[in-house]
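Labels for the chains are A, B and C, by order of writing; each one numbers its residues from 1.
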């Protein structure tokens, strides 16, 4: 019994390790994120990464983190990869200080590091990474709030609710920070208009976010604008309908193109969303790493996320979404 | 001789130890990057943190109780410590305060469980949320900045051993393991812990104050979790309110792989350490081998089942051997 | 009058007017009870008669609401099992009060470990002494088991009762309460336990023997105490009552 179990274990271990052995001569790139496998948005990034890896004949690995959002575990994975020595690393940077030492170590070892999806809030000054491929998060938050502002008739007071999906993580703080900046500017520009806002921990679990928004709106019915730091706010459509709130009473803005966002946009509850084009965030870093490895080219920053999507764009967007690239 | 083999096989951590050694050897042969200085160094880094939590859980489960709030305490203690340091407290005093908050949470767990007579599974599930909320409230939605110039070498400095360079925290873990192992095996209080979890009625009837024993274990478990959290935040030099989220399940998995019986009265400190080493090793090898971490949870789950099955088998076999 | 003469006259254990309520249930109604040194008392009664309440008070598991307990003439209050044991009252439970996963030696000294260093609760146990004395104690009751490190779960029910009796004797008990010690035991094991009780009598130890099986109790008892509905209904020498009469009395 003992012997058989141990033998089975060893066999399993051998199979696991053998899987990677065949790809020895291909360049090896690793893509790391702090989120768990349950994040559907990452499937588009993976699609982009897989396409690039096939095209440039690279051996790629996408490493999620369990438990979801455990920064220490993400750092641990990154360090393991740096120690292992690969040909290139793509990672998110969701804390300004946490990754500095390891990223520097990788770059010093000659492993190029491209940040994607989320960068240090200080940008290139924040750490030693070679380039960033992703959305200008602060700017995107600003654009969304500006878009909502335009939907509310001039002169009408504004009370905005800002959903900080993960307090303390730089991407969420930056997006909501952008929205706040627009509101402050609007206040200064229209001194006679009543413009107020409040920030809550809205969570990044779609059902939790939905109920928090609806509870807030019940308490403050004057709320007429909502900006989410992610796509989770779109889940509120369901309970808003239950509360008898009509489309247009509460203008909502979210990030990303996911089915629930598009669905609520059709129903009129989401007014605007911004696509950070995750396919690019999967594809372009691998493209850059492959070019660096092959021809010694350098990496470059790409802002993938200015694609504002409104109800009029729905038809075209859905066509591409069915292909798994948007 | 035969008697010794039997006693050895009857030890709760035996199965985990066998699997660990076997896999370690196999991995070293299969992947030349596994048993390499750099990889071993990285592998050992977070071990003390999880192992210290797993030890506390192990002792509490031996005493017949449970703690789901360790992950939250793991986040709360360093939050308190870093905030106090930011307000000018000396490091030692701030750490002490962080540990006392943890002990207080443990006391609360004990009080709710023992005085209100509800299962510790429920009491500490409630505490999981409450303690996490304290951490979020203290952070004020925006976490404090860790004082990066602070000298943390005494706790998490690098320890150059030639072959590997683990953190100093590994020494703390070993010291804690030795002390706790001594308490469990050589001190009367350790006997009382095993008796309390192994057969509460017998322990009470033989004059052991089982409630006091359990209370001490609740407080010990929480304090260890708080200390482990402080080690982690000092190592990564970051404090966020969600530090340690989900850690309770990993710690319980480590304890169970290490041979603790959820029914109480069986378990060992060495088992908790080996369980931790095993989980971290599986994760490490999966990343080195280029397997998507999607399979990580599967591997840990399979490991729990295999370890517990092996455990039962070896112990049954040990009982069947006549000395 | 000399103290020696005094103790000789005093019963080793004497209870006066014991009362106990469990909420609204009056479980023990003004019960007097006494036992002399070396006496074997058979305590009989149906379920809920109050005999188990009486012995729980004596062994420290519960405390009486009213009444006094005297040990060798001294008024005592038994607030916990450890107090009872300190006074020399040991209890053998039907379930043996053993922790199955722990060794014979550990079970022998549970809660009362001999220490090399420190004080109870913070002490280092003397494992050599535990092993030695446990084995001596077991030999004392004629038990020859594998070794002090054998887990108790490997022992039969009768062997466990043997360990429990040896444990009680080791701690120099004056009064031994045996609460249904023969349940679930084979005939052979039961006889062994009954033999132990007779041996204890020879050592001057008082036994209070509780059993449903009147055939077990009758032959070894000096005196029979019968209880019903929380009251003592009979207290007479065993020779003055037959098993059949006992059966009629308590049912």
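Just so we're on the same page, a contact is a pair of C-beta atoms (placed from the backbone, for glycine too) under 8 Å apart; a residue touches a chain by one contact, two chains touch by 3 or more.
Keep in mind it's a predicted model, so treat the numbers as computed, not measured.
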Going by the stated contact rule, which chains contact chain B and chain C alike?
-> none
Most central chain by CA mean?
-> B
Chain whose Cα centroid lies at the greatest distance from that of chain B = C
Taking each chain's centre as the mean position of its Cα atoms, how many Å separate chain B from chain C?
-> 42
Whole-Å gap separating chain A and chain B, where each centre is the average of the chain's CA atoms | 33
Approximately how many whole Å separate the CA-defined centres of chain A and chain C?
-> 71
Listed in rising order, the residues of chain C that touch chain B in the complex are 59-61, 80-82, 85, 91, 93, 95-102, 106, 109-113, 115, 118, 120-125, 127, 146-147, 149, 151, 154
Can you check the complex and tell me which residues of chain A touch chain B?
-> 1-2, 5-6, 9-10, 13-14, 16-20, 23, 28, 37, 59, 61-72, 75-77, 79-81, 83-85, 95, 97-98, 164, 166-169, 173, 199, 201
Could you pull out which chain B residues touch chain C in their complex?
-> 3, 7, 10, 186-189, 191-192, 194-195, 198-199, 201-208, 265-266, 319, 323
Considering the complex alone, what residue numbers of chain B touch chain A?
-> 18-19, 22-23, 26-27, 30-31, 33, 36, 38-39, 41-43, 45-46, 136, 139, 141-143, 145-146, 148, 232, 236-238, 240-243, 245-247, 249, 284-294, 296-297, 306, 309-310, 313-314, 317
